[in-house]
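We just call them A, B, C and D in the order they show up, numbering each chain from 1.
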Amino acid sequence: MIAVLKNNASPERREMLIDWLKKQGLNVHISQGEYQTVLGLIGNTDNVDMDMLRSLDIVDSVTRVSDPFKAVGRKFHPEDSVISINADVSIGGKGFALIAGPCSVENEDQIIYVAQRVKSAGANMLRGGSFKPRTSPYDFQGLGAEGVRLLLKAKKATGLPIVTEIMDIRTLDLFEDVDVIQVGARNTQNFDLLKELGKTRKPILLKRGIAGTIKELLMSAEYIAANGNENVILCERGIRSYDSAYTRNTLDLAAVPVLKELSHLPVIVDPSHATGRSALVPPMALAAAASGANGLMIEVHNDPLHALSDGAQSLTPDQFDDLAARIFKVREALLA
Amino acid sequence: MIAVLKNNASPERREMLIDWLKKQGLNVHISQGEYQTVLGLIGNTDNVDMDMLRSLDIVDSVTRVSDPFKAVGRKFHPEDSVISINADVSIGGKGFALIAGPCSVENEDQIIYVAQRVKSAGANMLRGGSFKPRTSPYDFQGLGAEGVRLLLKAKKATGLPIVTEIMDIRTLDLFEDVDVIQVGARNTQNFDLLKELGKTRKPILLKRGIAGTIKELLMSAEYIAANGNENVILCERGIRSYDSAYTRNTLDLAAVPVLKELSHLPVIVDPSHATGRSALVPPMALAAAASGANGLMIEVHNDPLHALSDGAQSLTPDQFDDLAARIFKVREALLA
Amino acid sequence: MIAVLKNNASPERREMLIDWLKKQGLNVHISQGEYQTVLGLIGNTDNVDMDMLRSLDIVDSVTRVSDPFKAVGRKFHPEDSVISINADVSIGGKGFALIAGPCSVENEDQIIYVAQRVKSAGANMLRGGSFKPRTSPYDFQGLGAEGVRLLLKAKKATGLPIVTEIMDIRTLDLFEDVDVIQVGARNTQNFDLLKELGKTRKPILLKRGIAGTIKELLMSAEYIAANGNENVILCERGIRSYDSAYTRNTLDLAAVPVLKELSHLPVIVDPSHATGRSALVPPMALAAAASGANGLMIEVHNDPLHALSDGAQSLTPDQFDDLAARIFKVREALLA
Amino acid sequence: MIAVLKNNASPERREMLIDWLKKQGLNVHISQGEYQTVLGLIGNTDNVDMDMLRSLDIVDSVTRVSDPFKAVGRKFHPEDSVISINADVSIGGKGFALIAGPCSVENEDQIIYVAQRVKSAGANMLRGGSFKPRTSPYDFQGLGAEGVRLLLKAKKATGLPIVTEIMDIRTLDLFEDVDVIQVGARNTQNFDLLKELGKTRKPILLKRGIAGTIKELLMSAEYIAANGNENVILCERGIRSYDSAYTRNTLDLAAVPVLKELSHLPVIVDPSHATGRSALVPPMALAAAASGANGLMIEVHNDPLHALSDGAQSLTPDQFDDLAARIFKVREALLA
């Protein structure tokens, strides 16, 4: 950590600050320039409050040099992580995850039909929501435990591993046979939930917050990893911006190469929630594939007109057949 | 709800849509204009998916007319709510809440000393964090249950009612003697937590999300109220914007009159978290008082330099003495 | 335009409003529902102030139905516009524009060398800044007229048409032999400049504003087109968001399909300014190509380390060779 | 400027970088730590491209230490600037500017009537738009030169100094008798306009950009000051945020104390454009006064229902009478 002192800092106050920093267990390297003094703080600076330092009269600026992402950062883990989902499917490295399915599980026929259709199009994982975070208490909240049971039936019928969202840690037991547990955008900073998931060994699909920064996403992944579970899949799903006239969120595709540069974890993209409109899903899915994402999560519904939630952003199975073929073509072109 | 159809909509498709809407239990008033057809949907439109309607080929635009805030909205509850905290303190209407205290409870001496000082300056409620949501898993996470115990000691010593934050619903028992339970900005859309708090009768201080909209804040309040607890205090605490070079968040003071127009619930402001710098707290506290807020929540620490969290934004007790006096002057000037 | 009246609107005030609307030359269709009255306003509603209507006591909501994009919208011009730059190059439809060159023109050797290199890599247009909008008055402001002269030399040497930015309408004469005039992100709403450019017949490359909405970009294009010049190329270049820790702007690729849906004008993407870091340019350029953009504008510099501006985001000619080949592969894969 | 090198930087590359920096005319102080090397760059670092430095493989981070605001910053000009408008009115220090008037000048009767009314309420300056920046080319664009002429009549009739907006530098001659020239939010980074205004000696009222940062506002003021004109008044007018459902912009009142800390220039607030709704203007005007602003600019119209632009946000003269009285009360309370 680097602290730059103001040029009018009195020697007494400077000494007081240096003493205090040393008492925090830090080595302080002093570099006296013509116009300012620079302090280099060496040691464990995790507990140094940067905002506090910055607020001191005699301090001009503070910069953290060391990397805050210890477990999920590339620095001490330069190779890509590859997360095995089952014998056939892995995410990260060369493995590509094409995850598809309805926003919400609605009934047995629906989920099994959609599972069969997305599998035959080339998807290798099934998604479906059972517990739904809805802005309004009066909106459909998902089938709950029954939804998980139906997903497991679809898994049995098709062999596809399944991913579904957890909202409340008290329901963790229901996820025993779920292959990947999703943490949604509204829970990305639900730290108590993250800590508990860190104690499991399940792969966790962690979505970026509604208006979350890249750093916050990685710090939330760090909560899971620091508690013992390094099986984390990062998911870009669009961020809140000032312009929502034509898209629900702003898909931040540059986050894909940035996350892959900073972290060894796999990164996937959800173009359905990002855009909120089915017509925009194919171009954004193709763009995400071209950007180097390790996978995609796409909403597919047999009857979007009657979908109980988020119908506007779902593709039909036929549309997904077409899109999946084009995604594979883009990947081939880039790997060639 | 109003749906405007495109002028090229075929009569058959129009009929199909109208039939489908009627099957949802709605009355459909058709208004045929020269260039477009307008459908007025009467009845319970809560379950109509606006995005779905909008995405249909033949639909041009959809507008929700009825108010989504049933329990917390002004429409059916035109008078200001006044929430009694104890025999002496109430929030809302003419009652003004001046809540002060440290970001985190650190030890018994600290919390009792700060409580005495803020009380003598005119504060009528004590704040202090025991469970702290921190971006990094390596930062100080609060004293937990011990922090709540120390707050209760300070309450006993000074008579000040206390407010402290809950992060995990499994700790609810610890809050039995807490006067106001705070829901922090990262949990504003933790819907399972909100539902459980809705089953209590405790006053809930609900902070706006990190990048939450005014509507989302009210819908989250609606989650609490719809579950039976209408004792909700709304709190503006700054929103995330593109400019964080000089302030941590952007304090959105216009939210105060907007929230008071839309809802009968009291609205308070937290200038400390909003700005993140103690020098900005007094001007923003005074501005908030002038904007018509029903209260303020301000961080005060006996020794900001050594505060375990958010020291940079705390006032000293002496600074708070001065600020409180000025706040009361502004309020007097406006009530005169 | 649709105005919904509140259910407590008195008949007298309703009549007053309707009279006033009729005096504006509008036909008013009244649709009386059980709970509200809906007014359909037919005729030229361009001059009706929506905010004013909305602010009236008796009005609940106002929705504009007709399309504000008359000249640049798809409604009255369903086919893609194709803009011819010279005998060989056109943008829009199937024509793809690969525009490359340095941020700033620096000297004759530099611009001719870069022009030759990007041409041999497959670029079909040369970019280079002569007038540079810099945040600080103390930063390098471009070579001005001399820069334009050097660009024209590079055009002569390579046959590549050139694009360069105008900042001040008083310099328009200098652009006589420039093939495409660029309007930068800080001038997207410099309406007097747009009006004057609308009186020329030059192709205009119009960048989205620093924090501009999609609608504002189209309305600015409308300023040019309404003054007589429909040769407008729209350019997505990243928008300002709350997260600029790792990228300068947030590239909004969904704007590409949205703009193409709303407008017949060609849409290109500038991944260099969007990301601000050369390492992110290739993945975002490939993503943009996959999203359906009609072209790309990419910064290439022979010596990024010594570039006088924006060196951090420039590719070397060798890096551009590699990227161009991959862009063509992605386009082939998607057209196949 | 401080550059921190990565711990894996090879000695050769480090030497290359240091040599290159020295060739830029800088002194380089090298501070070798256990885990990293810190370079302190002393001298004129204005031309050093921070982004370029940051993008080098061997560089970890770069921080600018010296202040970029040379002319408008507090560092070399610690006292508040006081800008004299005429014999009676000055802005800055203890002088408070209450600027009021219609959004657009419409006709002689209107502007003289409004001028008389706002003067009698206590305003000391008249505003009115003659050249109007409108998003749509089809909206009313202002009366132009005729509007300026009418403002000058109102000035003569009431003695109030006038402020009106310039959009195109070619019209500068028309502003000869205008007291304060306004630069609107869409022209805050129209650098050629700022340079020309810097060559005049007129007070310039410079609005913050639509989504401008505090730093950008000060850098734009620096463009004016660096060209010789230090009579700049800064104006906070709301910024673009993700939540525009209930307010047009988000008024960033914390910008007031921040700007006053960084700069010696006076800072005023425009609550009318910031909120876009007349009901929100009084609470935000009072809040701005309490925050320490040096003035307010408020829209007042004799007949808001028929205003040709922005009627929704205008107060009536009666409403302004009431508000002005309350503003003066708040100021008295705080000065007491």
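One rule holds for everything that comes next: contacts are C-beta pairs under 8 Å (C-beta built on N, C-alpha and C of every residue); 3 or more make two chains touch, one makes a residue touch a chain.
Just so it is clear, the structure is predicted and the values come from calculations on it, not from any experiment.
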Please work out which of A-B and B-C is bridged by more C-beta pairs in contact, and write that pair. A-B
With chain centres defined as C-alpha means, what is the inter-centre distance between subunit B and subunit C in Å? 38
Could you work out how far the Cα centre of subunit B sits from that of subunit D, in whole Å? 31
Between subunit A and subunit B, the Cα-mean centres are separated in Å by 26
In subunit B, the residues touching two or more other chains are 211, 215, 240-242, 279
Could you draw the chains as nodes, link the ones that touch, and say if you get a line, ring, star, complete or other? complete
Residue positions on subunit D within touch of subunit A in the complex are 2, 4, 27, 29, 31, 33-36, 38, 40, 42, 60-61, 63, 65-66, 211, 240-242, 244
Residues of subunit D touching subunit B in their complex? 211, 213-215, 239, 241-243, 245-247, 250-254, 256-258, 261-262, 274-275, 279-280, 283-284, 286-292, 326, 329-330, 332-334, 336
Along subunit B, where are the residues that touch subunit A in the complex? 20, 46-47, 49, 51-52, 54-56, 68, 70, 133-140, 167-170, 186-187, 189-192, 195, 209-211, 215-216, 219, 222-223, 226-227, 240, 248, 276-279, 304-305, 307, 309-313
